[in-house]
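Here the chain labels run A, B, C and D in written order, and each chain numbers its own residues starting at 1.
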């Protein structure tokens, strides 16, 4: 599979066992990558089926029950199986120790365990498809979820188990970042991706247990009938929503923060410029993580929670916009007077700026209570969260995937096809979801398999867009898989980046670095450092040369 | 799309709608400005500073306090304005005026029932006078539903065992869509109705007639109307195909097996019981999920339904 | 692996020295304890909200919990915490026999705790004070007393599960101690087990007054 | 990197452990005793106060927080802070439902359906 004649982590040990029992963070990261990509395609197929049914009003391909199961599975697979582990557990696992100049994460065995816990959780979730599929929506609202006859328990148990996988990744990363940094790498010399993963881990650790207990109680409620959430039993269904969103709002930042970390890396690397406002970006990650715990009630403005509560939550919601804005402005400023090139990762960066801005602004609209009353549970919300999750996180994930692809496999992908796929995805995405803003504001409720005729044209365009997306992803799947086998050999540092993961070979050797690396320059010192053809050029050394000047 | 509405919103039919739309427009314009600034800036820089020749070192521009303060403070001020504005309209939406008339709303799988103080009861059709504040006192009989009228820009969840309220004042006569927007299972997308806004006089006339609707109809015709109006059709077909519930085709006089093993022939009493106490005897092969129509259907309405069933051979 | 010569066997290859390894492990454990606190936190939330909604019911229902047994169990659990701490201390001083004895003591007290809990539970079951829809007891007048027992059983139940898990881990480190795997230089697993066990104690310290003493 | 201070174990004197355990016993006794006296609302405050003192003793001495890396203390406290935030913010709802319209404060039917039989 691998190119290099020298030993690396891919060919150092052979055989299926050497993968299944590996403690190497790179291999575990790859296994995660395989798992989350499979989940993404599975979720994507569900999405295409949803869109297919919505092409025309009335019942076309699926019954109401099947449709309800489809969007539940789409949501649950995309959230729990794909997007939460996507960046931290797959890409993060691979690059974090490399970026820190460490040999591995702090607890390699826990790392492997969390992968297998993920697998077990995934099996539970998949089992629920066979055992009569779930139809509650990914939000599992009671009392519907406690009364429906579908296999809610296996899906909730699956999500519960997946939660532990996520917790262990978080624990592992926190310890790794605190204790495993290379000599010389102080907190403010870490790459911003590491800061982002750190903030993400904090959320994972603090929020996920509450989801765990919530789902556990849901299971107990269904089996034993303890009645805490069931109004017929003296319980309160709105309480369930508080518990659920206390996790699930911070969870959306579990999704997007690592994405923002990737963007910070990409924007500096492809602008060859020192990142602008390093500290502010680092702090804003922590800021977002903190504030994200205070705003969950904005999902419940119409739920019957107290008016006072709505006021508090609406107020707090807006403060997430500030650190997010800070990041966007800083990325923009980083590009200023840079030397920008347009390989696929940079294209994804630009797409991210475009799409996440729309997602973010519509988030602000939803945060204003009076507007949310109208928009809640319509396609406006659906469009908002696809712009943030797909347009933000998934796009950043794809950017990161292309960026580290040569490091992971030691092979280059086909840049031309990558640009074509990018174009399909970017255009297809906007066609699919921009239309949904209009659908939503016109009043089209979500989770409807059948709708009034007046919404038909927009739904149709949305469906066409989803096909474009499908084509884009097929092209991508093709050239990425092709490159693993036949791609040209990648240099150690194809993008001329300065962070530590590029200072080892592509693919990295088994324990990452020959010797313990020591931080010699900061990750974004593009004003004094430059890498050309794997060769580090220092400004001090080239002063005399005329063509390389400032 | 609503022909009277704008590209973005359906037409404004309540007193609160213009206010919601105004705030939306405000944020929309702000967003466009910031979008041009950030994303336009991205495109501009990407083009302007694209790599033009040899590799070079770049400038050390790593921060600028003035700028950083600016892009922290300005958005903070703006979101503060948005918050206050949004909250003010929200309070207006929340507190009904004292002059409101009250209608009791019940949501259940998968239809709406409206009970008027004057005694009228309607299903899936809310009839209100124009320019009159109306307060809806809502609750659900099973899971959570949500009452949503896009033209009014108003929405509220309907919870089991708890009251929630919602008020509006319609400003134009006409017929408007009413959706259930909280996912409630199989019939969620069918749980839609109409809000009919009538001129005062028409409303009074309607109210007077609503009490004895069907008075000048043949019982089986009235029954057929009730079959549609009271949403029986969401679960029962008349063509013999079983939906959520058994078909009404040939129901009268049919002999059926119950889940407890007994056999019952559907006569007047049994049908009446099935409607008022559906869980008492459950037909084999079906879930006991039919809602009770106790308080929704009057005696003569049930009689009409039975008359109608008799015609379904 | 490749530099095995200068690495003691218990130092994993990816750490530079013992201090780094121990500190990382402890940090990891503390972060994990945070997740435990929040897991229980959800249940404490239920307690809080429902108590605020039904104060009289809580007041009345809590009288049916056995304060004597609860108090005894508190003493038992504190004692087990003490023996756990002493086990670690003994290993710090290299006293293997003492360590084993103290760990055995901890296990013993944990078992006593569970036995007492068993009697409490079976008494409740017998009286029909079961959670949720199985509740049949008729002695409590205030509305919805079954909620109190739902809260009681989920909280003490989850705590009980933690006690059982703790016992399994303690048994495991005890076996490893017997196999001479630990020394004053390396006793990290015992220390982490201790942290976990103390947390189980800590949670009980809050459960006890909330459930038994103030209703 | 943070300074490492675990190279040699920090052995605490036996007497300290016994003092702490003794104090915990005494406090348990006090809290049980106090519960039989009725201070009304005050009872819960006293009980929680004592529980907090007990918990702090366990954490500081048995769990060595007092002597270990201060980072651990911060980590542990963060869990309590976030739990506090969760409870407080949820109570902005549960305690204020009737603020505008009292009819929304209570369930329609007080008793659960399991008592209907």
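Methods note: contacts are C-beta pairs under 8 Å (C-beta built on N, C-alpha and C of every residue); 3 or more make two chains touch, one makes a residue touch a chain.
For clarity, every value in this text was computed on a predicted model and none was experimentally measured.
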Higher-contact pair (C-beta pairs counted), B-D versus C-D: C-D
Distance from chain D to chain B - Cα centre to Cα centre, in angstrom: 44
Separation of mean Cα positions, chain D and chain C [Å, integer]: 15
Centroid distance [mean C-alpha coordinates] between chain C and chain A, Å: 35
For chain D, residues that touch 2 or more chains besides their own: 2, 71, 78-79, 82, 86, 90, 94-95, 100, 104, 107, 111-112, 114
Chain B residues counted as touching two or more neighbouring chains: 94, 161-162, 164
For chain C, residues contacting two or more additional chains: 20, 23, 27, 31, 34-35, 37-38, 41, 45, 49, 53, 132-133, 143-144, 146
Each pair of chains that touches, named by its two labels: A-B, A-C, A-D, B-D, C-D
For the chain B and chain A complex, residues of the former touching the latter: 1-2, 5, 7-10, 16, 19-20, 23-24, 27-28, 31, 34-35, 38-39, 41-43, 45-46, 49-52, 54-64, 67-68, 71-72, 75-76, 79-80, 82-83, 85-91, 93-94, 142-144, 146, 148, 150-151, 153-157, 159-162, 164, 177, 179-190, 192, 287
Chain B to chain D touching residues, read off their complex: 94-95, 137, 139, 161-165
Of chain A, residues touching chain B in the complex: 64-65, 68, 135-137, 141, 143-144, 147-149, 231-232, 237-238, 271-280, 302-304, 307, 310-311, 314-315, 318-319, 321-322, 325-326, 328-333, 335-342, 350, 353-354, 357-358, 361-362, 364-365, 367-371, 373-374, 376-378, 438, 441-443, 445-452, 454-455, 457-458, 496, 526-530, 532, 539, 547-550
Complex contacts: residues of chain D adjacent to chain C: 2, 4-7, 9-12, 14, 17-18, 20-21, 24-25, 28, 31-32, 35, 43-44, 47-48, 50-51, 54-55, 58-59, 61-63, 68-69, 71-72, 75-76, 78-80, 82-83, 86-87, 90-91, 94-95, 110-112, 114
For the chain A and chain C complex, residues of the former touching the latter: 102-104, 106-108, 110, 167, 170-172, 174-176, 178-180, 205-210, 212-214, 217, 220-221, 224-228, 233-236, 239, 243, 511, 516
